[in-house]
Amino acid sequence: MTLRFVGLRKRFGSLIAIDGVDLVFEPGKITSIIGPNGAGKSTLINMCAGSYKVTSGRILFEDVELQRLKKHQIAGHGVARTYQNIRLFDGMTVQQNLEVCLFSSYLGRTFAEVFVPGVSQRFKNERAALCREALARFGLTRFAETLAADLSYGNQKLLEIARATLLNPKVLMLDEPAAGLNHGETDHLKETLRSLVRPDRVMIIVEHDMSFVMTLSDHIFVLHQGRLLFEGTPAEVQANFAVQEAYLGSPGDVDGIRVAARNRANRVRLRSNANIERRRPAPV
Amino acid sequence: MTSEATSRAVSIDPGGKIHWLGRVRAAAVIVAMLVALVYFVPSLPTYYVRIIDMVLIYLLLATGLNMVVGYAGLLDLGFIAFYAIGAYSYALLASGQFDIHLPFGPILVVGGGLAGMAGVLLGIPVLRLRGDYLAIVTLGFGEIIRLLMNNLVSVTNGPQGISRIDQPFLFGFPLKTPRDFFFILLPIAIFAVTLAWRLECSILGLGWAAIREDQDAARGIGINTTLAKLLAFGLSATLGGFAGVIFAAFQRFVDPVSFSFWESLTIVLIIVIGGVGNLVGVVVGAAVLIVVPELLREYSEYRMLLYGCALVAIILVRPGGIVGRHHNPAWIMQKLGWR
Amino acid sequence: MLPSRTRRSLQRIKPVVTSFLIQQLVNALTIGAIYALIALGYTMVYGVLRLINFAHSEMFMVGGHVAFFLFAASASLSGSALGVLVTLGVFAATFVVVGLLGVGIEEAAYRPLRRASRLAPMLSALGVAIVLQNAVMLFVSRRPLPFPAFLPPISFSVVGAVVTLDQIFIVVFAVALMVTLAWFVNGTTLGVKIRAVSENPRTAQLLGIDVNTPIRLIFFIGPGLGALAGILYASYYGIVVFSMGFVVGLKAFIAAILGGIGSISGAMLGGFVLGVLETFGAGLLPKLTNGVIGSEYRDIFAFSVLVLVLIFRPAGFLGEVVTEEGMVYKRDF
Amino acid sequence: MIKIFLAAVFGVTALGASPALADIKIGTAGPLSNAEALFGNTWQNGMQLAVNEANAAGGINGQKLVLVRQDDQGDPKQGTLLAQKFCDDDGVLAVIANFNSGVTIPSSDVYNRCGLPQVTNSSNPKVTQAGYDNLFRPIANDFMQGGAPAAYALKTLGAKKAAIVQDKQAFGDGVATVFRQTFEKGGGQVTSYSGVAATDVDFSAVITRIKTENPDVVYYGGTMPGVGLFLKQLRELGVKSTFFAADPAFLPDLITTAGPANAAGAIISFQAPPYDSSPKLMQFKTDYKKAFNDDPGPYSAYGYNEAAIIIAAMKRAGTSVTRESIVKELHNTKFDGLMGPVEFDDKGELKSPSLFLYKVKGNDFTLEWPKS
């Protein structure tokens, strides 16, 4: 039931983003990956989810080598993720954003759904029921009919997580869930995430907000320049000198508020770049 | 956009409680309208019936294309190829060309099947392409098919076309006049539109919408985009094939001229002018794009000039299509009281 | 060791073959140059608005007609020493007239649709194309009009191949225009603005560039070049006719795609490549296959190449590589 | 533009020909807004001329004749739609349709179903295949059009080798095929049989290939402007072979397009004797020029002839001018038309089709065959 990265490497052209990382993620825990910008945190998630091709090494989960699979197959194995820059189906309603997650389990029955009278309504109700839980858990019930694009930033983040949970994943990877949320939202998010822990679920969080990470995680991996710098409990991490070096360049203050603040600033810039890279400009 | 359409369709009445009264009323209205149609149309002058037949044929085509363009967001500029395949399969299997004379019914199935297969086969190589790149490749495919029809003289009789195609029979009744064809076309069109609507509301339709919105994220939640896209290509092509078979049986003559790039554009025009992704729009668009040129008949050679102006005018006035996004079948059904 | 007769006959055939190949190459370059010129218009507009401008082919056709009447009007002068000047004048005038027409069309038919889905302007362009073509047919002429040749009918013989002066002129002129354009886009401030807008309109706007100026400019230059192509084409083939736009336009657009849509040098390359492909398909394939594949398979051949190129290199020869995600924009449909 | 659109939709009868009830309508459908617009338009002008003359002479039993000109864009689909439109309009007693064989074949089914007398200008042999009783073709079919030049090339010119080019349209393909068959049957050798596109303007590749075959004659099956451009480039690339083309090329534009020097010696088949050969034709030419201040198109004379044949039949029908009576009368047509005597066999084909070969000399066409 554990997820392990074995000798994982990723290179973009000349740049080596991940340089031989071996990690083991235990189910039933919240494991966080932290590290300064460009440490390769998101790259790990992207490789695990199949968004990036693995240069070398293996990703083992339930005796399956995930890196050999196609993206949707990986998802089919119960690996779900959220994105650093939110990727919802903007033109669809919240309800649909969730419902479509049940695609693979219902596709086989499409014929019945289309041709057998009544069946479609039954399936719809089944799916609606499943969605209702998720909606309720993330407090999105009253937005069910809103277009995802029209949601507030915070709710969009929640919806993205909700969408991931609807695949009831055995591996749940969240890429900066707290980014850009205000205090209240962050606390609420924390509660929600805790409630998502299952004994048979690996939960991975990539996050810059130190206070968030420290209070939420059971185990932390610290990445630095594509290598594993340190791993341990929040306490151990906070106590560790190397980590402070890597992060602040100066020892002392690790309560992370300032760090988080600075990194959030960086991140905003990062995201806007990412947007431009990801898709060519919309027409004028 | 199909979003609100499906939303209404899926989330009316979470409890799934059925309002029988409303349903009965809606059903009654629809049946009444159908009866009126079936009673009224044949009493029109044959010329109008023929126009309506044409509208229905193009409605079939547009419904098919709408699955690819409107639902899955894959721009296809070569859709006419499948129409051509359908038409030629009837022309070859029911004419003196090879002296094969199969009945209409089976060929309808065969033609649809062949077109569907072609749709999948042409779909496989272009799975990686999207947007205008896909559009151009499909344009290329469309032209290649037409040129093949024009050049493989030994098979298709080239530019001369295939004439004297058999009179189609259905259940022993000959299909001669436009009226006969109206009675065949109407149910087929209704079937096609209903099918499309049910698909739009089904999980497959949702999957297509997700691919249209963000293909990568769609894969991320386990949608097999390859399969979904090929289904879209195949299903739409099949409808195109049906339309083709009927067209050939209707005209009793096929030649490559009828399958030019311009025809492909006409079908795209239909769905865009009606309202992309909205079946009601498709119906309206088909009606407009076929009827307007006929209205302009009286202007003789000035016709196309006015037609062009009309196109630009319509697009400028309603860039999103004549029919608004949320005026979809679900909306109509609700207005009729179906809940 | 071949029997001597065969060898002699081979020696006799050789020059024939070479002259044949050279002749075909000349043909290819000429038609290619014209395709390239028209392709520029498509590629510029597409580069900025991501719009397949179906009306561009009609700009080419209108250009031919405008020039026809300008030449007719100035016929009296053209004989004299002023001939060259007159010709240049006609070129310039046509460029301006059609350029302005292009700007007008953009104002009227495309700009209102900027916020709409990308299919809307494309189809509105289609409507404009229909209007222009029929307007010319109805109000100018149905007949193919004999277009004057502004160059003396001099032809040279290069190892048995016939090369006419206007063929040379067309290729040189086209290349010159494209070089100028490339310089304009890369070397001048206006050009930089154009590039900025085509890179990312939003950002350009944020940087305080008025998006409309570069766009107007593009809709002036693109059609203008198309019109010049129209003149070259008309004088080379000796006619202008209202229906000459659509097919040539489609081919030029394909050339633009082949070369890499959005790239000027790409359009150039694409034009020449398409010219070569067509000539090969019509001139050589039948010879190589002993008529098994006749010249009527030329277009199938050309289209197949297009399809293959796009499938394996969607960016075309010189376009910047596009990812699967990069091919589509949020507001596509 | 919106105004225009509304005007188009609501003011349907504003421009259009919507005749009073008493009028007798003759419908015609041809390409008026596509690449073949020139042919369709000048063809219909020819009919208009005949109709005008008939009206000037008092019409039919005092009833005025009206020519309803429609545009089928050479599209079979629209051809059948128009056929239905004419069928439904009881005022229409005869049609001259269609121009393209590909349109005539499907539309003839429709016309036949409503018994509307149909006189066609499509030369494809298949057109009369169905043996419809109401379908008449007062022109030579492709067999004549393609055969005569081939025979002439073999016998008179003693040609051995021919290169054939055709534009892959029903017409071009039809005549070219016949030319090929006749030429080969006559012992000639066809060095190459190439297809081009009707929309092509650059034939240099094909011509360069033909040059290497150095044939005695080159036959082009196709329409303008293709013919003119082909001929021009043929000469420019230094191919000296005798050039043959079919009647779409019987246009002054051929000479203007190709240039007199290049066009000189080209042989064009046409179904009417020279305009100056008979006063009737000269009259027609001048009348046409007067009416439309333009030279007749290649099919104007045919159009005039076809209309005249129908009008004659109407006259013979006497007091009861109906679709049936016109069909009956058309069958026993004995009419000395613009282009010689017109009689129909039981299949509706012209009994004694005539074909003339013209040679381009300077700026006009001079009769080459048959030498009278």
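Per-chain residue numbering starts at 1, and chain names A, B, C and D are given in the order in which the chains are listed.
FYI, contacts are C-beta pairs under 8 Å (C-beta built on N, C-alpha and C of every residue); 3 or more make two chains touch, one makes a residue touch a chain.
Predicted, not measured: the structure shown is a model, and the values here were computed from it.
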| item | value |
| --- | --- |
| Pair with more cross-chain C-beta pairs in contact, given C-D and A-B | A-B |
| Chain closest to the middle [Cα centroid of all protein chains] | B |
| Whole-Å gap separating chain B and chain C, where each centre is the average of the chain's CA atoms | 34 |
| Length of the line joining the C-alpha centres of chain A and chain B, rounded to whole Å | 41 |
| Junction residues of chain D, two or more chains touched | 33, 37, 41, 168, 195 |
| Chain C, residues touching no fewer than two other chains | 50, 134, 294, 296, 299, 322, 325, 328-329 |
| Chain B, residues touching no fewer than two other chains | 1, 150-151, 212, 216, 301-302, 304-305, 309-310, 312, 316 |
| Chain B partner contacts - residues on chain A that touch it in the complex | 49-51, 70-72, 75-76, 80-81, 83, 87-93, 95-96, 99-104, 106-107, 109-110, 113-115, 120-125, 127-129, 132, 144-145, 147, 163-164, 167 |
| Contact set on chain C toward chain D in their complex | 16, 20, 23-24, 27-28, 30-31, 134, 137, 142-144, 146, 155, 162, 164, 233, 237-239, 241-244, 246-248, 278-284, 286-287, 291, 294-296, 298-299 |
| In the complex, chain D residues that touch chain B | 1-2, 4-5, 8-9, 12-13, 15-18, 32-33, 37, 41, 69-71, 73-77, 80-82, 84-85, 87-88, 101-102, 105-106, 109, 113, 124, 126, 129-130, 168-170, 172-174, 195 |
| Parts of chain B lying in touch with chain D, wherever the complex brings them together | 45-47, 50-51, 54, 150-151, 158-161, 163-164, 176-178, 251-253, 255, 257-258, 292, 294-306, 309-310, 312-314, 316-317 |
| In the complex with chain B, residue positions of chain C that touch it | 46, 50, 52, 109, 112-113, 115-117, 119-120, 123-124, 126-131, 134-135, 138, 250, 254, 257, 261, 294, 296-297, 299-300, 303-304, 306-307, 310-311, 314, 322, 324-325, 327-329, 332-333 |
